[in-house]
Every structure is written in C-alpha cells, then in structure tokens.
Amino acid sequence: MSINTFGHLFRVTTWGESHGPALGATVDGCPPGVPISAEALQGWLNKRKPGQNKYTTQRREADEVEILSGVFEGLSTGTPIQLMIRNTDQRSKDYGEIAEKFRPGHADITYYQKYGIRDYRGGGRSSARETAARVAAGGVARAALAALVPDLTITGYMVQMGEKHIDRSRFDLAQIAQNPFWVPDAVAAEDWAIYLDDLRKSGSSVGAAIEVVASGTPAGLGAPIYAKLDTDLAAAMMSINAVKGVEIGEGMNVATLTGEANADEITMGPDGPVYNSNHAGGILGGISTGQDVVVRFAVKPTSSILTPRRTITRAGEETEIVTKGRHDPCVGIRAVPVAEAMMACVILDHLLLHRGQVGEAPRVQFR
Amino acid sequence: MSINTFGHLFRVTTWGESHGPALGATVDGCPPGVPISAEALQGWLNKRKPGQNKYTTQRREADEVEILSGVFEGLSTGTPIQLMIRNTDQRSKDYGEIAEKFRPGHADITYYQKYGIRDYRGGGRSSARETAARVAAGGVARAALAALVPDLTITGYMVQMGEKHIDRSRFDLAQIAQNPFWVPDAVAAEDWAIYLDDLRKSGSSVGAAIEVVASGTPAGLGAPIYAKLDTDLAAAMMSINAVKGVEIGEGMNVATLTGEANADEITMGPDGPVYNSNHAGGILGGISTGQDVVVRFAVKPTSSILTPRRTITRAGEETEIVTKGRHDPCVGIRAVPVAEAMMACVILDHLLLHRGQVGEAPRVQFR
Amino acid sequence: MSINTFGHLFRVTTWGESHGPALGATVDGCPPGVPISAEALQGWLNKRKPGQNKYTTQRREADEVEILSGVFEGLSTGTPIQLMIRNTDQRSKDYGEIAEKFRPGHADITYYQKYGIRDYRGGGRSSARETAARVAAGGVARAALAALVPDLTITGYMVQMGEKHIDRSRFDLAQIAQNPFWVPDAVAAEDWAIYLDDLRKSGSSVGAAIEVVASGTPAGLGAPIYAKLDTDLAAAMMSINAVKGVEIGEGMNVATLTGEANADEITMGPDGPVYNSNHAGGILGGISTGQDVVVRFAVKPTSSILTPRRTITRAGEETEIVTKGRHDPCVGIRAVPVAEAMMACVILDHLLLHRGQVGEAPRVQFR
Amino acid sequence: MSINTFGHLFRVTTWGESHGPALGATVDGCPPGVPISAEALQGWLNKRKPGQNKYTTQRREADEVEILSGVFEGLSTGTPIQLMIRNTDQRSKDYGEIAEKFRPGHADITYYQKYGIRDYRGGGRSSARETAARVAAGGVARAALAALVPDLTITGYMVQMGEKHIDRSRFDLAQIAQNPFWVPDAVAAEDWAIYLDDLRKSGSSVGAAIEVVASGTPAGLGAPIYAKLDTDLAAAMMSINAVKGVEIGEGMNVATLTGEANADEITMGPDGPVYNSNHAGGILGGISTGQDVVVRFAVKPTSSILTPRRTITRAGEETEIVTKGRHDPCVGIRAVPVAEAMMACVILDHLLLHRGQVGEAPRVQFR
C-alpha cells in the first residue's frame, strides 16, 4: 500500500473530497479483454448510495459513474481505467461550524495537525464519501474475477449493530438484499429497524460488525510473508473509515482456544483436501486453503451526533459541539458494499500476483 | 508491503528458513548517523530467544546477530544494514514425519499448494523463527527512534492466555520483565504459570492476546488513505505468524458503542489538546493524535500438539498426525517482543514518511 | 516506477487515451500549502499544445485542465490532486486504416501483441497525447519547487534536429521562447524553419535531440543505488514517447575520455565546493553535486509519414501503409515542455525523498 | 526501483560496502522449482572477478558466493534467496588519504554531502564492488530464464574503449570469451591490449562503451507507460557505477534520421512478423517486438588516477590528490558481465510481470 494507492498488480488509487467537484478511482492493472460497462459499475454503486432509506444520510447523490479511459468497445485494454463520480448535492452551508470546531472522534483534528490545512467541508478527504470510489473500483475487480474465476462469490452482511447480534441459526443469505441493513436474518432485520429508528430520532449513532465471505477462492493465493492474503485483507478493511478491528476466521476468540479445538482437521475429497471446520477463515500461513475466506470487522459509531460533546476550536479554546447536518446513524450499514469491493480488489490482486510469481501451471495434485 | 518487504521509507526485507544456514533482515532506509551496535540488537533478540524457560520451545539458538553492512565506526551510514543470524541447533531429524504429512492448522499444506515445493524442515519459511529477523530490524528502528523522538516508549505485554485475562486494576508495567509471560499483573503471572505448565505436560497448546502501546508518539503520523497508521499497524501485526485478529483502541468492542460513549472529548492543555479518554487508541482518520497508540492482537495456539489429529499425506491419503518435536505451548509469549519490534518499525517508517511528505516545519499551534 | 505511475513520494499516475473522453494525471504526494491554480497549470500546458504553428500536428485541442481534487481555497491539502483534460478534437474517422494495418516504427503492433486488443484510434494509450497529463503534473511539481527551492530553474531546449545542430557559441537562453523550436540560437531557428518546412511538405519526419538543465539543484539529492538521481532521470526521459537514448553530462562521449580529461576538479568557494567543469552533468555516484543537472535525450522521427512503407495487417497479410492524418513532422519539438515537466517531477520527488530519509538538518559544512 | 531495490516481481536488493565484512543480494520473487546452485552462480561471478589479468584492479577477491536461503534440495522454493559474498582482501591501509580528500569525478563528496558520514574505505557503498552482488543475482535470473524461455541468450561485449571502436565487419561472437576485454573482434583485442597497457603504466584511465543483446526475447514484454521495457533497461544500466549514457537500438543517432530511414518495415514470416531492420532495438512503445533487444551504454574513466588533480579536503581546504591504491584502468571491462546480469534481471522481471498482468494465454495469432 502506498499512500492513496493499494494493491500490487491490481492497483487502485482513489482521489477526491466530499465537497469537491468530483471523486473517483484510477484503476491500473485490470487484465485486458474484460467486459466493463458503466451500467454494471452503477449497480454496485447503487448498493452504497446514500439517501435510499431513513437509516442512512439524507444527502442525495446520484453517484453516477463515468468511465474516462481504459475501456474500448466495451472491453478493458490493459491501460488505466479512470472512474469519475461528480458530486452534486454538497450543501456546504451545512458545515459552517465544523470549520472552526473539531468533532471528537473524528479526523478533523488529526488532518489539521498533520497538514496544517484541511478541507473541512463534509470531512473533506476523510469523509466516507471516498468509499464510493472504492465501490466503483471493486466493480472492475468483480468483472475481472467473473472472467477468471467464475465460481467465486463475495458476500458481505452485518452481524452486529450495537448490542444486537444476528442469530446464526436463522442465517439466510437470501434475506440480505431484503432489508436495509444487509442482515442475513429476517427477525433481526425487523428488530434492528425499530432499534435504529429510535437511535436516529434521538440524534445518536451506534457501531456495527460486518462479515465478508469469499466462496470459491482458489487455494494458493497470498504472498508470504508481508503480502499474506490475511495481511492485505486486514489492511484493506482497516483502511475503511471508522474501522477499529479486523478478524480472520475465529478472530480475537482464537486467544481462548486450545490447539486441539483450533485445528481444522483434513480429509480427502474427490477434488482435493476437505477441511472439517474453518477456524482459520480459509487462510493458513497467509495463503488461501480453498475454503471460504472469512473476514470480520467492527465499525465505530459516527462521531456526528446531536448530544453536545466537549471539544476545542482551531484557536485552542474549549467549547462544545453538536453536529446537525445529514449523517448516518449507523455508518456500518454502508460499509457492507465497501467491504465487498475491497475483498474483490484484494482477491483479484492476489490472483494476478500468484499468476506472475508462480504461473498458471497445473495445480498441485495430491496423489 | 511488497512480498517479503514491509515499510515505505524504512524498509525491512526478511529472508531465511528455520533450518537453513542462516536468516536475517535487510534494513534499508535507516537515517544516517544513528548509533547501531550488535550488542544493543542482541539485547532485543535475547528477549525473543527460544529455550529460555520451560514455557517456550526447547530449541537452543544463540540467536547471535552479525551486522554485515551499513554501519561504519558505530554509526549508520544511510546504506542498507544487513543483519544475519546463523542457525545452529536445527536437528532436522526431529521433523521427518512432517515431510509427508500436513499439520492441521499449519501452513504446511498451503505452501505446498502454492509453490509445489516446500522446505518442510521446521516449517521452513513459515516457521516463527523468521521473527528473529524482525526483532533484529526492530532494534535498528528503536535506535533511530531514540535519536529522533527520545520520549517515545514502546511496550508490549500479554493480556490474555486461553480463558485467563489480566486484571487491569492490578496493571503494573514493572511486572512485565519479572515473569516469563510478559504479564503486567503479578497475580496473573503465578496463576498462568501453573495453567501453562499443565498444558505443556499434556502436549497441548493455547492461544493468547497481546497489547502493544507506543507512548509519546507525535501527533500527525499516518498517511491517509491507504497507508494510514492503523492500516499499517494492522498489516504489521497480522503478518506475524498465527495472528488472527487485530484491534486498535476499543477494537471489535466498538461495534457495541453509541456515538456518545465512543467520543473522546477534547480539552485544552498547556502543550496542546488533551483527550479525556482513548477509545480511538490514539488514531483518528488513520493519523496519530498524540495519545498512546494502542494495538491488540490474538495469536492462535500452536498447531504442533501431541493429540492425534486427522490429516492427509502429500500423496492424498488420509492419516493421523502427532507432532512431537520441540514446540511452544503458547507461541503468543514470544510474539510480545516481535510485536514491539513491528510497532517500532512502523512508527519510525511513518515518522520518516511524514517528514518527507510534510517536512519538519513547526507543528501546528492551536492559538 | 510502477506501470502507469512514477515517483517515490511525489507520485504521478497518468491515464487516458488519445481519442477517449478525457485524459489526466493523479498526483499524489504534493506537500500541503502549495499555491496551485488551473491558470498556472494552463500556462505550462499551452507550451505543449498542438496546432499552434505549422510545425506541429494540426489537431486543435484546447487542452483545458480541470482540478478535480486536492486543492482547497487555492492551496494543496496534501491529498491527491486529480487533473483532467477533456479531449475535444478527436476526428476518429481519420484513423480508419490504422485499425487494420500496423505502422512500422510505431507501438501499434506491440500493444496488439501484448494485450490482444488495442484502442487504435490515434494510437490510443501510446499516443504522444498522454504527455499533456505529464505537463499538467509537472506544473504541480513546479509550484511545489517554487515554494521549497525558490532559486531552482528548469530549462529545456532543442540542440539538434536531423543533421542540424545548434552552435553553442551562439547559445542564448532568451532565444528559446522566441521561436517555435525552443532553440537557444537565433540563427539555427531561422535555418531550421526552412528545413522543417520542406520536410513537412514532403510528408516526411525527422528526429531531434533535447537538453534539459536544472540550475540551483541542491547538493545531496539522489538515493543510491537503485534510485539514483541519474537513474530516475534516465527512466523519466526514456519513458517519453519515441525517446531512444539518454545522456547525463558528457553522456555517450564519456567513452572517449581519459580520467584526467573527465575529472571535474574541485576548488573552494565562499558557499561551498566549486567545480571547474561539469563533465558529470551535476551528478556523482547518483547524487547531485549542486552544479547544473544536465540531461540530454534523442527522439526518433514520427513513424506516421506519407512515403509508403511495407507492413502487415492484423490478419497477417503483407501490405503497404501511408499515414495521412495530422502528425508532427518533428515530434521532438513538443518533447521540450514534456521533458521539463519530467525533470521537475523527478527533482521534487528526490527533494522529498531526501527530506524523509535524511531530514532537513543543517547541510554539511566544509570547515 | 526503490532505493536499494530494483524490479517489480523479481526484486533484487543489494547490500554491502567495499571494505565491510561482506556484501550480497537479497533476491525476492524467483519462481519456485528453478535449479539454483552456488557452482552455477560462481561461474558468472568469475567473469567479473577482479585481479584476473593486468587490465583490472589487482585486488584479489575469491568472490565466493554462499546461498543462505530460498533454495531447498537444489531448487528455488519461491522464498527470498540470500546471496552472500565475504570480502577477504580489503587492505584498508591503502585508502588512508581518501578519508580526508575527495577524488574529483568520484562519489566521495556527494555521499558526504548527502549523509554527513561516509564509509570512505574503498569507496564504501559507491564502490564498483557492489556489482558483484548484481552478478550473483543475475545468475539466479539466468537460471529462471533458462527454465522459462530456453532459447533466450544474453550477450554483452565492448564496442569502444577511448577513441578505439570495434569494426562491425569483423564482428565474431566467438571472440568475446577469447580476450580480456570481451571484444567480438580479434584484431581490436590485440590493438586494445597495447593501448590499455600503456594507459595503465602511465597511471591513467579511459572510458568505454558496452553493448548488450538479448536474442530470443518474446514479443509483448514491457509495461507501458512508466515500466516500459526500455525505461527499465535504461534505469538498470544507468544505475551501474560510472555510466553516463544509455541507448536503445539506434540510440542518440536517431536524432539524425528521417521517418523513412528509421522505419523498420514489417513482412510476414512463418512464425509471425519479420522486421527488415532493427533501428528500434527490439522495442516499440516500450514493448518488445520479438527482435533482438539491443542496449548500449557508456562508462566513464575511473577517477582514481596517478596524475594530480585539484580538490578540497573534508575541512574545505584546497589541495591536490593522486590516487595510488589498486584500480581498473578501464572499469568498463568489468561492466560487461554486470550489464548482462542487469539485462537478465530486467527481462525475467518483465516476463513475470507480463504473466501476472496478461496471463500465459495463447500468444496473439496474426491470421
């Protein structure tokens, strides 16, 4: 990862601020010959788009993506793909106060400390709006993956919102698209709706946990030791705004386990090794096993709330702040499509990296 | 991060296998004029060295580090510093069986799937032995930090082993060096000794959680958006063998919090902003606040255990495996100095990166 | 350098094709607080703009640059600066034939061989049109250099066109902007005008050599051994379309010299070392000496000519090709502002890199 | 290229000083399964080894290479290969004077200006001794190329020494190994021997030009626009000590040509396109055509000569310097195997990069 760029061979550079004229992603390293269309990318962007229901910020952005380069007659050419999204609903007047005061728990103060200057409008570069560019880039990655590994699926969903967890016994993938929370649990979806509505009305916010699963990931991806698949996934998820923790498979809970409990025993199936469990989250020694790759991460509550909090001004004077504006009561909801996009980018990147380093020679046969 | 290298300006490449002739680190980007001695590096290596007590592997390695380049008359010259550690106690005969069978929960199988060839002796490149090179490199980073930010301290310690947690009300930094577990809690140290001794005798193993704190980190470090300080720390910790989860500050628990609870309120102190809490773990928007930087991670139990586990052979036949050899009942113990070393490398790297990108111009004044 | 990106800390990624909707540069790593305006960038772009006189392609492009991000209230913020230039005068119909036939000496065939698909319109990504993005990025570099090293000047000019060389005894910097060839020699300017006019009318083209000088470059820039200042300059110039040779200082002629003739003797001046000559072109061991940094490079003649040349079609049939369209009789002319831009980017990059690696501590005093 | 590392997927980091305990190369990214032996590497090193005849420095180094990692049972494993060469004949006393005085034309002064400290013994890091590490790494690259592209050959030879050029009409590859100058011209070899012997006796030195040709390079290698094959070759050659100019194909002479003269016409052969000439040096648009890749570069004369030259001391006092020690009268001779090694590394790197970016899918068919 290099400042505003991530990836080794599939390299994504995002650019743009919340209230500037536009934002986007410069996508370098998409293999040639992949079908890419603005329509397909738009489908992914629409999942993340704000203002779609009362649980996300009421900012209304078309989030319309333009492909400015790298695609010719509907196919990628191997040259950089520039994806641009114009900002249309900035309403800069909403943000007058935060030019002077720093929101506790927000990047306002650290950007100022680092650079001595900041675009305070809507959080500038630190706004979650930047993640629209990631979703667009993730759409390109998905298109390339569809061509290279047709069986691969990447699915994200919420597993926790505040104190509320999903019930894994009710887990149902089909539910995810049926509710505004991307929750694979119909009962939870109803319960959470009431809970979040109350929070929203009181001007509060709450954290969340999201899980993303890549099924059909080929074995052998991941470049030990400092570009391990889990290392790169951890970095990718931690780079998403407001994320404070990342887990692979068993995650932090692994600290409680014994060696016997943690071992994913191996048997032999018709197509290769079969694991009897997946504590490892599909990654051993930083390399994929061929099982589901499972990543989980926690998103903190939005710092923009109606309850007054103590803070200081740019001049160093103590004061209080209340953030009115338009904000997400649970920013974790919109992190779901963002995390899926990051997962797609990382897996594609490692697929290309493996191909470069090792080749596409016949996979190891166990025989 | 680039395969076997990490860092932007302070770049560390580790090399070497568990049972090869030697291993080491190529350290590029240490500023010139920093006092570096083999003796000082040896001090850090001795913390990680195996065979020091009954709780770590009985392999006996001198872990003696040689400085082969980059230091002249006791000072770094700005050229690459090569650190080499000869392997001396390999006993390859201990590892006969694992040439044929894959240990469940171990990288044996994935290295084989990726490369079609693996140095199975002692786990080859995937062995925790590689972390000796990180500790040596971390010693160089510490020396440079001592010159550039004399007040900075980096301290790691265990906070959990299996079901056992430290009691934060008894937290005492002075205890850390007084017990073989690097536990800041004298009561826990005694309790854990009994617990782990039992586990060890039964040939089992257990997971652990470690916390590392950097006090005195200057505000402003971290390069948003894809080389955030927390992104790089997450990658650094996840790259350590057996790590399955990483947390910054409040970590995964942030999912349960409301915006009110999570906000670290800001007041004004004589030297700048003062925060009334540190849920953020010293990082906002990927940039350090000047508070303690707090990272936590979980290490899975060693997969080398005496209880038979089902597995397959290289030929794809189902079998069972019992790993005798010499192993750590709780590999998390030796992860403590490794994590400190990674923290030192990451913070130095970001200090240099900030200096390059923004300069050493007067820090922002709040006035 | 990483595919479509160059630079270590000041990183420029260009994107876009000759006949796509737009092209541009994603500029990451500009220090914060630098005054940046579209007007200032436009000034540099206008130097490179086609269609300004009969000696360059008659394609008429406004080459109007839009700043889409990274600048707030006229100052850089330290976040990526996106520079976009819309294509307006594409006339794709002019390029019908080259969809099927490969121009000898052109990248048509190799892009096809590499990617299996190519945007043939106007040369697609391989068009010299891409260099507009470099000039825009160079404008940002110039603005940052003006803030950091006010005395630095970067000046490019032609020294050869076909068999015609400038006469160094008539060298006059003031002449450069007075003629369409950027020639520092008034007599040559007149002579070359006649020569090139003839060539143009006959539908031929010719090569050229350009020299770029950076005066006021601080001593100490350059990161040996693989990011030497001359290494990076050589790569930067060689990356410009049609360049086939790069020289530093004495260049290829150094092969003829003895050690006595080549030594730039050193004496002591009031402000530091004074060199009695500059065979080295201001760089020793890959590090700047403080003298003028002198780079020279040769540009081949445009492959688009009216004389029929033998070639093959996409189907592998032998044929002939004549390129009508709109082309530069001497593409070297427009390489002058491009090379200046590359020089500005490389020097700024090395200034930041040096600051990061070594710091801004007092320069070495010779005393 | 990143400071002391070059390459994208095949990454070589060199380390070590002329008079330190050892030097070497950390080679990351060699594909797995490649036969690597110390003996084979030694063969390449012996070509570069000093003290073999009276035309190179009389320093006697065994240049014995040890493989410390990354090779198991004679095959590469895909993990970093550490190559170490112990220094044995340092004689630091020879270099007393250069601790205080800067040799004109040498990196002594710039290393001091950059870092404020330098290992002056034998030139420290700036010594041509560093190139031994490149040759060792190049041996690894050759082994991988032999496995991946068996028909590829890489051959370097001198084409000029001072005013003396080879006669291309007498060009004979078989001669190269028959004389101490790697000259493909038996008559020149005899003539140059007398010429250089005189120079050597007078304590002078002279420059040289070297040409390196890669025959059998597949079409399609090179990653436009900033990792073009010629860009990376130019950087690789310019990074070699004392190089001041680099040319591809026609090189600087291209400035004199017309479009008609420069066009390499294309016809159709049984296996694909056939070019009627090779002005392009096998590279168009930064991508290989399948023809011979031809690179030429000029090496300046050693700055260590017996004729007194004016210079200054570390204290800024004016003085004269005469360099006795052991030096090469024409350092260009030993640059031949170094350049071959760099060519091998760059071509392997681009082969892997192409495989990662585009895949090994059937080559484009012209039909």
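Order as written gives the chain letters A, B, C and D; numbering starts at 1 within each chain.
One rule holds for everything that comes next: a residue touches a chain if its C-beta (ideal position, glycine included) is under 8 Å from a C-beta of that chain, and two chains touch if they have at least 3 such contacts.
Bear in mind the structure is a predicted one, so any value in this text is a computation, not a measurement.
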item	value
Reference subunit B; chain at largest CA-centroid distance	C
Pair with more cross-chain C-beta pairs in contact, given C-D and B-C	C-D
Averaged-CA centre spacing for the pair subunit D and subunit B, given as whole angstrom	38
Distance between chain centroids, defined by C-alpha means - subunit C, subunit D (Å)	26
Between subunit B and subunit C, centroid-to-centroid distance (C-alpha), Å	45
Where subunit A touches two or more other chains at once, by residue number	2-5, 14, 29, 32, 78-79, 114-116, 125, 224, 358
Partner subunit B, residues of subunit C touching it in the complex	9, 29, 31-32, 78-79, 224, 352-353, 355-360
Touching residues on subunit B, where the partner in the complex is subunit D	2-5, 11, 13-17, 20-24, 26, 28-29, 32-33, 66, 68-70, 72, 75, 77-82, 84, 114-119, 124-125
Footprint of subunit D on subunit C - complex, ascending	1-6, 8, 14, 102, 104-107, 109-116, 125-126, 130, 160-163, 199, 204-209, 219-228, 230-232, 234-235, 237-239, 241, 244-268, 273, 276, 279-281, 283-290, 296, 298-305, 307, 309-312, 314-318, 332, 354, 358, 361, 363-367
